[in-house]
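Each chain carries a letter (A, B and C) given by its place in the written order, and its residues are counted from 1.
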Amino acid sequence: MADIVIDRVVKEFGSFRALQEVSLTVNDGEFVALLGPSGCGKTTLLRIIAGLETQTSGRVVIGGQDVSDLAPRKRGLAMVFQNYAVFPHMTVFENVAFGLRMQKASQADVKRKVERAAALLHIESYLDRYPAKLSGGQRQRVAVARALAVEPAVLLMDEPLSNLDALLRLEMRTELKAVLREAGTTTIYVTHDQTEAMGLADRIAVMYGGKIDQIGSPLEIYATPATRFVGGFIGSPPMNFIKVACSGGTARIGEAALPCPMAGKDLELGLRGEDAALSPNGSGIPFDVRVVEPMGSHLLLTGAIDGQLARIVAPPTAKVNAGERVGLNVDPSRVTWIDGSTGRAIARA
Amino acid sequence: MPARTSWIPYALIAPSVIFLAALFLVPLVQTVWLSVSAGDGLSLENYRRMAGDLNFALAVKNTFLLTLVVVPLQVVLALAMATMVTKLDKGRDLVLWVLTIPLGISDLAAGLAWLALLQNTGYLNSALYALGLIQGPVGWLSQETPVALFFAIVLAELWRATAIVLVILIAGLQLIPKEFAEAAEIFGARPWTRFTRITLPLLKPSLQSALILRTVLAFEVFAVVYALGGRNFPVLAGEAYVWQNDNQNYGVAAAYAVLIMAISLAATAVYLRVLRTRPEQLP
Amino acid sequence: MTTTAADLTSPAKNRAMALPSARRLLLWTGLAVLIAWVLVPIYLVALGAFGGRLGVFRWPKSIWPSDLSFAAMSQFLAIEGVFNALLNSLIAAGLTVVFSIALGAPAGYALARYTFRGQNAYRLLVLLTRAFPLAILALPLTVSFIRLGLYDTPFGVSLIHTVLALPFAALVTQSLFMGIPREYEEAAWVFGCTRFQAFIKVILPLALPGLAATAIFAFVISWNEVFAASILTVRERTLTAYLLRILAESPLHYRFAGGFILIIPSVLFIFAVRRYLFAVWGIASK
């Protein structure tokens, strides 16, 4: 087991700066998800930690040892790849045993550890098969078993579930969480899927444009996004941003008034769709409904607040029609205020 | 990959670079040098001797004529074959195997195979005799029958080297998504229109490489011609061979080599220009 | 690459079903003519090779085999120099295989896995070889080969044949290695392999069938080459050079025997690599 310290890591590809001074500390046994859209640098960061890519500057320290210049094989880690990278010319057993064989473990040791990893991931029954005969989900299990068999200090996972279909992804996600909790390995998990990150991680680092925008527990990130990007990226529907004028500590939208912070000129109200409730008498923030989408568990209302696009979640039984104007009640303690000029959230009082 | 390992690719390509420099670039320069050096200094003496040779004009004419007749016919034949084969379902692999057999056959062997067919007491004459068209063995491959000899060579070249065009075109056809033709079909394009408006333009890169390959090889044509007609049908590469091996005159042989190279390069340049595909037009 | 055959068949399926029977008949007639066009000359040269001296001059000929025997063939093989030429051809082709793989595969790997300065210059060099009639380069090499003692040896012939086969090998192995996901290699590194170990344990086994196909192509290129082999040998001729030399003076049935021997390996090789044919040429003609 080991902690990971990423210290001001920069990566440049020619003149393009893929990572700009990223720093991150992952505690021993912690599960951290790197979450962000494609091209945000999350995979590059993971590959730098693995040693598959060399940083332009900065250090990577694993378990107190600076591994910045070490080859991947000397870093004491294991990795699960996006396309699994399960070797097609080896049986499942040999795949799982691969890392142990490279460590020159004894035959008995290999057998014992492979069987344990296989049992953990329920792949005992096809240890002697070749990967070509396995389904995507089964290959995924083999890839995880191969990584866990070496009992790594650090486990890196690069979008391991993105090639599975939706149902299987949900199933594997639950199982992965149980297995990794049991193993207690320090894990860094790259994904662009917010539900995966929210469901699995102890902490989430949201990356955007080669930087970490925010790092925190899933609930923190959801409830108090640090930037407009984080608010818009996390949550479904994404957070709404409404430009409002704030004077004297009060922002007025229609007849409704909300207390607002004084800082900044271009103030934006960050409002989660589920933090607004339909008012029974049409009072509150006026919302012009354009489209009503019944989603089963809720109604998704798309429309405009003060002429700006907004999405609001309403109870499935609510009586709302397209073209109607409704009123929204908002709890001032649950809104986020964004400084429009910087895109950063204004600290709460 | 990382900067610290950047020497690896150079180490990997170095052996082949050295090899190609020594056995491709050096001889290339040597050939040019050899062709312009006679006696002590630089001169065009070798070229003068080449051009003054009795067979020269004939060899130039024959080589060009062969190329101009053979290469277009091969492309048309290969396109027809490819179109037929893509319509197949059962037996497709077997048919393809048979049609590509000549790909592995040397030009010399091809010449000999057609010799068996076309020689005086060969199968063509036997068939003609059986049909009552001729009274006895007739020579087709002698100096007195240049037209028949020419067609014999054309046949042998078509037989041998259409396969390579076929393979390149089929490889190219595989890269064209069939949705394009289907979309055209839905918009009402008939098979011939689909072929000329969809398939052919998308096949242009493959056609280009097939044409370059075949044309360069057609200008070096040699063994087929020798197997069928000996020196009765002079061609450029054959003259180079004679000057080198029989006359032991390396200078004139080099002049022929330079001429063949110049023609090949010019043909390649023409193909690259005429059949260029702009990258944004590729699927 | 293993899916080539399957890829070939699937898109044709619907179309073939839809063809009306009259057009199917036409299609198969056309194909039968083409197949005959390919096979008949081979059949006839085989008849010539096994028909012996009498067979060659029989008039008029029947296309059915009669009084075939191995006598003509074994007589041909017993001629002074024939067996030696056959041996030289095998040696030259074998060496060509070794050289073109040993030099071409590392280059193909470098092109597939690394981005480096000079990459395009290298690719240009390789493609440039295609615009030149390479066998012609044997002409000036005669002098240097005599000086180096390479003249009139199968080794010398294999060098010039490697110039023919090497660009091909580099391009084909490049796409071969590109077809093997980089992640396999990276997984091997992460799980404890050095670069070399990863190549041997993971990449090589996966590339082996494709490498074998490339090797066979290199063999055929050398086996069939006539011009350079004829220029660079006098006594230690390869089979093609030998046959070319004796064309004028040898009896017809010997020429047919020689032609037949030349054809046989080609037919077998094309059969062996048929699954790779289109993948390989799709790449090599890019």
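Rule of thumb we're sticking to: a residue touches a chain if its C-beta (ideal position, glycine included) is under 8 Å from a C-beta of that chain, and two chains touch if they have at least 3 such contacts.
Keep in mind the model is a prediction, meaning the values are calculated, not measured.
**Q** Computing the C-alpha centre of each chain, which chain sits at the greatest distance from subunit B?
**A** A
**Q** What is the identifier of the chain with the smallest separation between its Cα mean and the overall Cα mean?
**A** C
**Q** Between subunit B and subunit C, what's the gap in Å when you average each chain's C-alpha atoms?
**A** Going by mean C-alpha positions, subunit B sits 16 Å from subunit C.
**Q** Just the number, please: Cα centre separation of subunit A and subunit B in whole Å.
**A** Each chain's C-alpha centroid was found; their separation is 58 Å.
**Q** Mind checking the centre-to-centre distance between subunit A and subunit C? Centres are C-alpha means, answer in whole Å.
**A** Computed from C-alpha means, the inter-chain centre distance equals 53 Å.
**Q** Which residues of subunit C touch subunit A in the complex?
**A** 181, 183-184, 186-194, 197, 202, 205-206
**Q** Which of the residues in subunit A come into contact with subunit C in the complex?
**A** Per the stated touch rule, the residues are 50-52, 71-73, 77-79, 81-83, 85, 87-89, 98-99, 102-103, 146, 150.
**Q** If you look only at subunit C, which of its residues touch subunit B in the complex?
**A** Checking each residue of subunit C against subunit B gives 5, 7-9, 11-13, 15-17, 19, 27, 30-31, 34-35, 37-42, 44-45, 47-48, 56-63, 99, 102-104, 106-107, 109-111, 113-116, 118-119, 122, 125-126, 129-144, 159-160, 162-163, 166-167, 170, 195, 220, 223-227, 230-231, 240, 243-244, 247-248, 252, 255-256, 258-259, 262-263, 265-267, 269-271, 274, 277-279, 281-283, 285-286.
**Q** Provide the residue numbers of subunit B that touch subunit C in the complex, in ascending order.
**A** Answer in residue numbers: 1, 6, 8-10, 12-13, 15-17, 19-20, 23-24, 27-28, 30-31, 33-34, 80-81, 84-90, 92-93, 95-117, 119, 121-123, 125-126, 129-130, 136-137, 159, 164, 167-168, 170-172, 174-175, 178, 205-206, 209-210, 212-213, 216-217, 219-220, 222-223, 226-227, 230, 237, 240-241, 244-245, 250, 253-254, 257, 260-261, 264-265, 268.
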